[in-house]
Amino acid sequence: MSKLETVGLTKSFSGLVAVKDVSFHMDEGEILGIIGPNGAGKTTFIHLVSGILMPTSGSITFKGRDITYAPAHVRSRIGIARTYQLIHPLENLKVIENVMVGAVFSKDKSLKAARKSAEAICAELELDGLNRDTTQLSILEIKKMEIARALANEPEVLFLDEVMAGLNSDETKQVIATVQRIARERKMAVGVVEHVMGVIRELTERVIVLEAGELIAEGPYETVSKDPRVVEAYLGGAA
Amino acid sequence: MKLKGSYIAVVAAAAIVIAFPAFLGAYPLNVARSVMTYMALAISWDMLLRSGQISFGIAGLFGLGSYASALAVLRGGMNPFASVLFAAAFAALVAFALGFAILRLRAMYFSITTLALMEIFRIVMQNLHDFSGGPEGVVLPKIIFDGYSPALYWLCLGGLFLTIGVSWYFEKSKMHLALTAIRNDETSARSNGVNIFKYLLIAFVATSALQGMMGAIQVQSYGFTTPDTAFDANFLMLPMAMALLGGIHSTIGPMAGAVLLGIASEWLKLKIPYGHLVVYGVIIILVILFMPQGLFGLARKAMRNRRKAGANNE
Amino acid sequence: MANKRNATLVVVLIIVAVAAILVWRPTVLINGIQAAGLYASIAIPMGLILGIVHIVNLAHGEFMMVAAYVTYMLCIATGIDPFLAMLPVALVTAVFGFVVYKLTIKQALKSPELNQLILTFGIGISLTQVANLIFTSQTRKISFDYVSASVDIGDLSFGVFKFVYIVIAVLMVVGLRLFLTRTTTGKAALAVGQNPRGAAIVGIDVDKTYGFVFALASALLGMMGAVFITTSSIFPAVGSPFTMKSFCLIAMAGIGNIPGILGASILLGVSENFLKAFRATRGWADIVFFVLIITVILGRSIKGKKA
Amino acid sequence: MILDVKKLETGYGKLQVLRGIDLSVGKESVGLFGPNGAGKTTLINAIMGIVKPWKGSIEFEGAQIGNLPTHMVARAGIALVPQERELFPGLSVADNLELGAAYVPRGKDIIPKQLEIVLTLFPILKERYKQFVGTMSGGQQRMVAIGRALMANPSLLILDEPSLGLQPSIVAEVFDRLSILKKEIAILVTEQNVRESLKAIDRGYVIENGAVVLEDTAEGLAKNPHVVSAYLGI
Amino acid sequence: GTIKIGGTWPLGDITGKQGSMAAQQAVDEINAAGGILGRQLELIVVDDELKADKGAAAVEKLVTVDKVDVLMGGMASGVALGQIPAMKKYGKIVLATGAASYKVEEALGSDANWYFHLHPWDYNQGASYAQGWDEIQQKYSAVKIKKIFLAYEEGAFGKASWDATKTLFGAGGRYVVDGASFKSAALGGGDYGSMLEVAKEFKPDLFLWAGYDADALPMLEQAKAMRFTPKIYLGAPPGWPVGFGTSKLSENVMLYGMWAPSINEVSATSKKFYDGFVKKYKTEPATYFAPLSYSAVYIYADAVKLAGTTETQAVIKALEATKYASPLGQTISFTASNIIKHQGIKNQKILQWQNGRMEVIWPFESMTAKPVYPFPKWK
């Protein structure tokens, strides 16, 4: 059964259609790649699904429940989490508190319980120095912290918007392995937006391709990456 | 161990403050009341500030509380003590109703709207001649405790303790996480399940109730109110300056700032009868320029450095 | 975005104006527009600073007060007309604004906005109180015959001099608009306002730009202060009510929307005078100012949410 | 040498990040690699005058620039594509690009020519010429940032992770462009996308923990086992 | 030791500033003449900052810390209201130089026999003007007043004036009274257009405005622009702008007040006060708060002399016998008002700007010039 499903999802910004009639679904435990040219609407799509933006038309269902216009915090509480393309640390909170936010408000945990589960998640991601200020973190650590915070929501569906961007390949591999493991353990559906094709190849079983807001291709990476439309619009000679 | 130590310190400090009337005269008690009133306003203002919302409505809610209490006694024959609670509840109710409209606003737009509301409250009180006494205000038949200084002091102190308590709760509970998250990054907060509106509303209603309560205590202690005294812009700017001076986003900072500015203003006035406000203004300027984190920030920094130095020595 | 905001203001404005004429009170429009000119021309320099340096200058009214006293002293000493004094006064206040910027505001630019707010509040207190020490709270005013210049239409006689303010406001709006959208310096100022670090990276001198904007706004305000003494008494606290008014007008127009300030001023000026025209509502005229501000701000936020 | 950095030490507050960096760039393209937090961006910030050097010297075209304010460094002929992009969100693409050139010497004269180059490289920017930059997608904004730096026609172009967030085809084009440019000007580029960037550079440095641990030609780096395992894995 | 006088005034305002200066002048004069009962006087002034809580703290300090023998001063009613609880608590003698609002009297209640109110209450002022205009109309048959228009500022001062005017002039049908409020320039207003329009339509014989000095000239200018020319143009601000008399527009404007330098011609005390003030401070007294505060010191000093002690009850007795020929051109003594027992001045003066000077035209015993009537039409 699909965890998350959209039908005819559309978003326009005063004339410019950023997401156009996108119907897609995500299943339990799958890792889905979302690729497409710059400005194709990937980030906007995640904004729509996570409730940061409201769609112009179309519908979104989560486990059979219509959530098209549900506010963001409600979606987080029922099990949709995400990270952001641009980092969003809460800089007046310690690292551990940053992670606790997810547990406290999405899962209504007490501060004590939240701290415990946050510590566990951080350990899993190999993030330490939890009493530091976020300004002292490197990019890798901030990204880990944001993944940890999203995981602390204990989501059933998780979107990662270019989390590996800016990491070197060593670091990327490490993050990929962790995400894969956690997704498997928790039977979580994960949507990954990336421009580094190596990541997509390693991580995902199925890929959807957006272009100019439209879903133009779908399937395993190997197939999709040979689709002439994808090659022309997105990969160029680089594939 | 450490926790216990700070508890003892807090209890001791509270005991000393409660015992003040035993060894202080009417004048220091009067100054203390004024300082405590500003302190409570500064703390309550800071509590909402922790969510990033800069309210310019302190004086408005303070004034509203003053009028609610005075009119409840005068027109409704309410007991003065009950009227203080009534004023707090009334301010909370008004804040609750207004909150639905204005808590969607941010930054300067929120500030201006709260400022405009304060002016509206003032103009309404000024124009409802028969009900609120118009520009000349209302005089109560008698003041609470018949003006007995220590009792007035304790009443005000009670209000302050309550404010400190609520603020402390805000610091230690998940309100702290919620408000800080909202201040730092609303998008991120929303995506992590924080119901922004709910927490803003809680903070706005709670702080408004405290401000209204302090207004009621003030009016019952002086026995009169007018639109100009109840909605005095000083109740707006000074608490802000005090909080900033002491260090924002904390309970102790606004307290330190209120003591410093409150006592400085009284002292300057006695030393420089003509022109003390010039020096007052200059002090504010200098403190902001040279202590941008406030007293508390400075202390925090010093402590951190000392701790670091200690760590290095090991 | 800005155009849309203005469009809303214009529509509301027209409705109010039509209503005013319908009940046949031409003076509502006359008085309203005269008042609006004064509001707008004081608020616009503040809007400029807020839009670019992102400082809410709570000493704004006090800056104008300083300009007014400078003009007053100059006119008393030399006997010249305030309109002639405009240029020298603008020069003085530009320097004054620049010095205040360098000595204080510049040092606090990196601090949170709240620090700047309280800083300028402190500057405001200091300026008022220094003026109070030098000049006392007793008011001063020079009379000029032309201030009472009058026009008769039928039974109706009204003063026309105060239209000078709306002229000044329009000139400011047009001038600033040309400056900000057509000149490189203007665009650079906007760029600095949006991202100072990015501006430095492309070679814009951020500090100089801030200083320049402050000086420019102070000069405009200085000119305004010079003309202000023709129609208004001056005293140390004369400026402070205008700080809040200006701040409100800017919020109503939306930050960075300078033409909108003029629109908001006209809307407010006319509505205020509309209420003042009737006995029953006269005392409530002040309230319209604040009610309108809240309405417009809330209205915009709801519309913004939907978009 | 166009840029000469000697024994540079600096950091933030009390935190030292760079511990004596020596680095030089001639009329060539130089790559700067290293793990997260190694200090690449800090080095670039020091060159740009965004952080002040504690010790050591920075020489550009024979003159010391270590203590110049950022805008003077830019006017001296260094253009930067910052890691965080640092655009003007409320200005249009057109204005952002124009400001890239407006404040460098003789910048106004070269605007039409440079604009041509930028718009050919990133056709989408031509389509979105009047759009506010703040409403563009992450990758589109990166293009504006690169375009803005190209507008200045600098003698030294510094790019801090230019490929971040760009789609593969555009990454390739950007590096193609750099290969052409390096014949005329000096280029310093940091990248996590080492594989792609090695095609466009002549030499490279690997920085770890605030110090240079390796310096070699592009071919040398490509064969270096450490580089292969840490940076060329994916 | 010295006899200590505690004064609270708003020192940042010209009224309080000069009030406190004039009180100091009186203290110096008395000390130079040997003091009272062989003791020197000492004036301790605390700024009330125009704020109720500050004013109350000032009273607490003066009484409990400085241990003064008497309190005096005051200007704003709002501050007085804040001070009254503290004053009641101590029962020290108070010589109030301000606080015109009847609310203050209500707050005092009838038992406050230690409170000596020098300044007239708002209703005293109104009654006094009604009497004044009656007498003027009797004496000068050309002066005929039927319609009175009051322009009043929106605050407490204006509102009180309006209430008093309505009851005192409106009653009995002798006068037709109308009015309109305006926002004073002192509080950010300064547009009188719509108010003047109403006034002009009403065609009053007497146009009276109750506002502040900041309103004086702009209102005249706008009235002129609208060609509004009542027969009597009368202002009732607490003070006038610097050099108002030098403006052409000021000619023949009438005003309510208590004191003007022209009173020097009819009162020796006034002249002594005036010359002393100018000599000491190199500036003119700008409002009546200076001579009033000066009077307060003398009245107290005389009472102590009479009582032969500073003991409160004795001094209260002595004060009740006060007959002080004040610089205000009238003799001050204390009689009952509506609620309190000790009200000093009850009547005001009607003056007129003539050739740049304020001339007293009523009461006739301190008259310095004849009224010019009607108010000249604009040229």
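Order as written gives the chain letters A, B, C, D and E; numbering starts at 1 within each chain.
Criterion: contacts are C-beta pairs under 8 Å (C-beta built on N, C-alpha and C of every residue); 3 or more make two chains touch, one makes a residue touch a chain.
Predicted model only: the values in this text are computed from it and were never measured.
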Going by the stated contact rule, which chains contact chain D and chain E alike? C
Which chain's mean C-alpha position is the greatest distance from chain A's? E
Measuring between Cα centroids, which chain is at the maximum distance from chain D? E
From the C-alpha centre of chain A to that of chain C, how far is it in Å? 47
How many angstrom between the C-alpha centroids of chain D and chain B? 50
List the centre-to-centre spacing of chain B and chain C in whole Å, with centres computed as mean CA coordinates. 31
With chain centres defined as C-alpha means, what is the inter-centre distance between chain A and chain E in Å? 75
Residues touching two or more other chains, restricted to chain B: which are they? 126, 274, 277
Show the residues in chain E shared as contacts by 2 or more other chains, in ascending order. 12, 17, 154
Expected list for chain D, residues touching two or more other chains, is none
Which chain pairs touch, all of them: A-B, A-D, B-C, B-E, C-D, C-E
Along chain E, where are the residues that touch chain B in the complex? 11-12, 17, 20, 45-47, 49, 51-54, 56-57, 60-61, 63-65, 77-78, 81-82, 84-86, 88-89, 101, 103, 106-107, 154-156, 158-160
Flag every residue of chain D that touches chain C in the complex, lowest number first. 48, 50, 69-71, 74-75, 79-80, 82, 85-91, 95, 98-100, 102-104, 107-108, 148, 152
In their shared complex, at which residues does chain B touch chain E? 25-27, 29-31, 33-34, 37, 126, 129, 134-137, 139, 143, 147, 149, 218, 221-224, 226, 228-229, 232, 234, 266, 269-270, 273-274, 276-277
Residue set of chain B touching chain C in the complex reads 49, 54, 101-102, 104-105, 108-109, 112-113, 115-117, 119-120, 123-124, 126-127, 237, 240-241, 244-245, 248, 274-275, 277-278, 280-285, 288-289, 292
Could you pull out which chain C residues touch chain B in their complex? 56, 104, 107-108, 111, 114-115, 117-119, 121-130, 132-133, 244, 247-248, 251, 255, 283-284, 286-287, 289-291, 293-294, 297-298, 301-302, 305
